Amino acid sequence: MSTLAGPLPPRRRGLLRRIADSDRPYQILTFVVFAVVWEVYARQWGGLLIPTFGETVVATFELLGDPELWQALYVSNQALVIGFGIAVVVGVPVGIVLGRFPTLERFSDVYLNILLVTPMAAIIPLLVMSVGFGLISRVILVTVFSIVMVIVNSRTGVRSVDPGLIEMARSFGASERQIWREILLPGALPAIMTGVRLGLGRAVTGMVIVELLMVSVALGGLILEYRGLFQAPLLYGTIVIILAEALLLISVARWCERKLTPWARTNSAKDPR
Amino acid sequence: MVGGRQLTSAGTPGLLSPRRLPAGAISLAVGAVVWEIAGRIVDQPFLPPLSAVVARLADMVGSGMIVGSLGASLVNLAIGFGVSLALGLVVGVAMGRYRKVEAALGVYVYALLTAPSLVFAPIFFSLLGDGRGSIVGVVVMYSAFIMIINTASAIQTVPGHLVEMARSYGASERQVLLQIMLPAAAPLIMAGVRLGVGRAVVGMINGEMFISVIGLGRIVTQAGGRFDGAGVLAILLVIIAVALGAVALVQAVDRRLTRWLPTTSRPATPSRRPVPAGARKTSGGKP
Amino acid sequence: MIEISGLHKSFVGQDGSTVNALDDVNLTVNENEFLTVLGPSGCGKTTLLKATAGLIGWDSGDIVIDGQPVRGPGPDRSMVFQNFALMPWATVLDNVAFGMRMRGVGKAEREERARTLIKTVGLSGFETKRPGELSGGMQQRVGIARALAVRPKVLLMDEPFGAVDEQTRRLLQEELLGIWEGQQLTVVFITHSMEEAVLLGDRVVLMSARPGRIAEIVPVPMARPRSHDIGAVGRSPEYVEITAYLWDRLRDMHEEHRDVRAGVTA
Amino acid sequence: MIEISGLHKSFVGQDGSTVNALDDVNLTVNENEFLTVLGPSGCGKTTLLKATAGLIGWDSGDIVIDGQPVRGPGPDRSMVFQNFALMPWATVLDNVAFGMRMRGVGKAEREERARTLIKTVGLSGFETKRPGELSGGMQQRVGIARALAVRPKVLLMDEPFGAVDEQTRRLLQEELLGIWEGQQLTVVFITHSMEEAVLLGDRVVLMSARPGRIAEIVPVPMARPRSHDIGAVGRSPEYVEITAYLWDRLRDMHEEHRDVRAGVTA
Amino acid sequence: GGGGSTTNDDGTLNFSVALIEPDITTVPILAALDAVRQQGHQVKVVELAEPELAIEGLAKGDYAFSAEATSPALIAIQQGAPIRIIADVVGNQWAVYGTTGVNTCDDLAGRPFGIFSEGAVATAMAKDWVRGTCAAGKEPRYLTIGGSDVRAQALLAGEIDATPLEITDAVTLEASGRTGFTRIADFATSLPDLHPQTVYANADFIGDHREVTQLLVDALVAEHRKINENPQYLVDLVSKYLPDTRDPNVAQIAQRYVEGGLFDAAALTDANVQGTIDFFVRAGVLKDGMTAADAADLSFVKAGS
């Protein structure tokens, strides 16, 4: 490994060097590999439901011009926004409580695990039977999908906060609530944000799954329709758009994370290469 | 109020870990009672009382349906989770440590984490056929990415001064990874592994529900289709038992690996007194 | 007044062995006294201070402050931590203001007091830096400013000047003495510097190691106020005499301890 | 021989401001020299030491050790960190053995050497404890033992005895001098104690604050070996003279610095 | 040849058949496959989750036969997949049921009407019906809900006011004890030429292995005949092939299928295959221009009868 020691390289560097140092070439490289493998596989062994890369790209742009897609996105995202909002608002405090009160944790642990491992697809029929097909059940499913990630990571985050800081805060008479807000929350923030990112991913999955399996509206409905009609490029075009949305949301979360945890950069061990 | 782990364990050293078991058992028992009562009160097919579900389960076990299915499912689970764990650690550490790896792979890892695996059923089917391969693939899909991301984040939060210290002793990159990064990141990594193992179990069932319909997934699909609440829940009990076993295993490893972790938690004894005077006199272990 | 009587505290380690950190500690700190504590590394000074702060529990014994038994931290006390205990996510200004915020001091006053104290400890210009960007000594000074900012009645200081150079230390000592002389304040001050213990203290407590006990309490007769010219105090004959005495006592204790170094029981 | 020439290093803070930590530092450390460094808190001592250790980069200038420019850490150097940098998950024994493990020392020898050094720093009986269970001074001693264990040719020590009591410090000083006298070893030793700097050093480097520069290098003429009776060295007239001189110089620097405290540029 | 098949030394075949969640309508096929097995052939039955997967496997030649909704097969055929429809699984069994107070299409104006996704047969029929019978501007509000069974539950729970159901679910609805549900449209009578569920095969396989295909079709026709002679035979088949199904209404359901004359594998003709295609073209699921000859190979049913 090259080291960071020695005089730092001069600030103005050769073009080649700058290119090699930036992220872009690696991103482009992996993308090209990915696209080529996809194209070749689809051409050689593809079937009715496996479009080529090129077809998918075309279909994706086609979809983007289609008002039906935007309508579907709008409907689907209602459940996502509400459901994920609930997951964060409820999950973070619950995670902190569990990290802070070991007794509570010991008793609730089993249920957290159960929530984590229950295949939601299996209980969808039961969910439908109990709360019906409306927005509520979609919201519930999104929340159930994402909240465990938030809780588990928040809890771990709290556990890794330096206990000396809690002592310090208590010595200044911080109430339990203040300890939460001032020490546990910021100290656990990097881990919490990881949980939020994971949860966000899961929430998008939940949003689509519920529409696939329960009430085929919006994006899930589009997927089922394109699949039923064997319109593979449109099918995967829709999926690409869903993933793009998820990635966008995750980058927003990352951006927030960087804004919220600037101190993490001075003492983290990440190799800057 | 005052004091940390040393306080709670002062009189009962070594009792800490066995104590976990009864806690789980107790809360499960409470949950069971609540379920039974709720089930009786609600009296709806979607919430049959626990007794009915257990009876159904006994029935299913008696007919040999479950045991046979379970074996094959568990093998799929083990293979899939093993692959995921290896991927999770290797790719996760690489992404956490090297910015360029993260740049190259980040998008795909997040995309695949987010993707509802169901929609990839045709791809698995096309790539891996309708047998074990597809189901193992689904298990990997479900569990690997979450572990990769958690591991990467964990690695990124390792305190820089420890890495500096190790490098000052000439630690090689490999040694920094193995001796500093992994132990320091262990708590967060294990949190991810725990999520991963749970997801793997879900993947196993979903693979059996949404690609080729076999094993437990088949039983649960059929029960769901009949709105046989008791049947669905009976299978879920089995799945949850399997998963809890797997998670417990991970947690046991976790506890071994992260024993050093200081407590940020409040002590289990909620007394506001620093400790009743003299209460621990005998436990002090004065020579 | 702080009355500590019959205090016992032992730690059970993760490896199962027990360390007797405090063994029958009896100590009275008078109202507005400046008490300094000396003792070998690991003898239980920090433990004693944290117990007084109400941060850790103990096995038996009592700590009573102004007639009230200690049950936890209180607004009358504030502490300077040996390991600084700064919040890595907060700026210097926010770290210093933290204690005040916990005690409900309004924002404007908070900032003003914080800035004044940052100046006092010589960190002007670093208000917006985070701890990760400070040198060790600078971090320590942030912790001192934070503890002073809440204007406590009892100030518990755990090796507060250990990481700063002697000049800065002298300045901080003078500042501290000035503050102490100017208001109603009891100080318990742990240090490894005999000079510092004598220069600052009304009495010097000597602790012995494992099990931690109070070995001796040495009164310091030098006149107050000393803050105007600490250097002069350091040249007075009483100062030289007491320091020499402490030096001998501590050496004896150290040698004793080396002989019976058996504080750790399996 | 360590040759540092024209070393510049500035930190760009997260708030956008720049801190000049080192500004044109020139310094030669001779083979087997014991060099001590004094300077106001935050003047760049740690930065200089870390650069020499090959742990951080710098803006311009050179560090050359035995003819080889420093490009990273090397097996010839080991460092005692100001903030200890102990691995919280490892026991005292494992922490001390860490450096040796990195350098491929076999397990049996590792353990044996680690145990010897743990005894040297006065921590026998604590081999199986983890850092969280140690007092501040004990943690510091673990860090010292770890650095000594690898038997480096250059030992870089950043305030290594700052958190221990004076008796322990005296013992450790004697041990360190003994080791240094007994083998081929170059030591760069940062301290805040003028006494310590003079007692131990062949030369004392005075640094001035922000921007960090070498203000003066003061040779220490006292005879070697000094390890047998450090106390006696401390009573010699040369010692008293040099300490007084350093004291004056540092006070001047401090006052200067107070006037121009403008090291932070927006 | 296709069908993932291999030929054994003794001339018998190894091949796979893909089925989607077997139910009462598919058990005759399972029975027929047993008959094929008795001739020495090795038949592997794979249960898949989605009809699309079966079609995909069929098109790639992994499977020899499959049996499910007709429309995906037709769509795939139109896209050039080597698939041929060879026999009928069950006739048009669909009917629209409405809750209390819903008797005609107009009653549904603006009210929730449960359908499955686009492209599904039942959806196409329901929309066709709405187009044909509802007054203009009185369309119901469509609510997409997967699975006939789920829709039956939703109807029971009052989540929707009407929906197309299969016989099995209709019987369940009737047997639920809740009254007031009416059959507002019966596609079995209005669209008798539509065959929503058929048996289809990999074209290469049936080309290479005509005898085996014939064997299967004949066996299926025979099974259907036995059922029509005695509905109890179907009940027996269900308990043999779907042992964990404990539908208490199975006898009643069997009776209804037989009464409707819905089981007749040989019922496919060029005309009604064309009719089925035309219906899907009308529904917008298929593009214009497909003929019965493109989609079906009826030689086997013809040879049998």
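Labels for the chains are A, B, C, D and E, by order of writing; each one numbers its residues from 1.
In this text, a contact is a pair of C-beta atoms (placed from the backbone, for glycine too) under 8 Å apart; a residue touches a chain by one contact, two chains touch by 3 or more.
Every value quoted in this text rests on a predicted model; they were computed, and no experiment measured them.
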Separation of chain C from chain A in steps, with touching chains one step apart: 1
Two chains sharing the most C-beta contacts: A-B
Centre-of-Cα separation between chain E and chain D, whole angstrom: 84
Geometric centre distance via CA averages, chain E-chain A, whole Å: 40
Intercentroid distance (Cα basis), chain D paired with chain C, Å: 25
For chain E, residues contacting two or more additional chains: 50, 52, 56, 60, 153
Residues of chain B engaged with two or more neighbouring chains: 4, 122, 126, 161-162, 167, 172, 180, 184, 209-210, 225, 227, 260-262
Multi-partner residues of chain A (at least 2 other chains): 3, 47, 49, 125, 129, 162, 212-213, 227, 262-263, 266-267
List of chain A residues in touch with chain E within their complex: 47-49, 125, 128-129, 132-133, 212-217, 221, 224-225, 227-230
Chain B contact footprint on chain A (complex, rising order): 1, 3, 23-24, 26-27, 29-30, 34, 45-47, 49-50, 99-103, 105-111, 113-114, 116-127, 129-130, 148-149, 152-153, 155-156, 158-163, 166, 184, 190-191, 194, 197-198, 200-202, 204-205, 208-209, 212-213, 223, 227, 235, 239, 242-243, 246-247, 250, 264, 266-273
Footprint of chain A on chain E - complex, ascending: 50, 52, 55-56, 59-60, 71-72, 75-76, 79, 81, 116-120, 143-146, 150, 153-154, 157, 159, 285
Interfacial residue positions of chain A with respect to chain C in the complex: 162, 164-165, 167-175, 178, 182-183, 186-187, 189, 261-263, 266-267
Chain D residues touching chain C - in the complex, by the definition given at the top: 11, 13-15, 17, 19, 38-42, 45-46, 82-83, 91, 122, 124-126, 128-130, 133-138, 141, 159, 162-169, 171, 192-194, 247, 250-251, 253-254, 258, 261-264
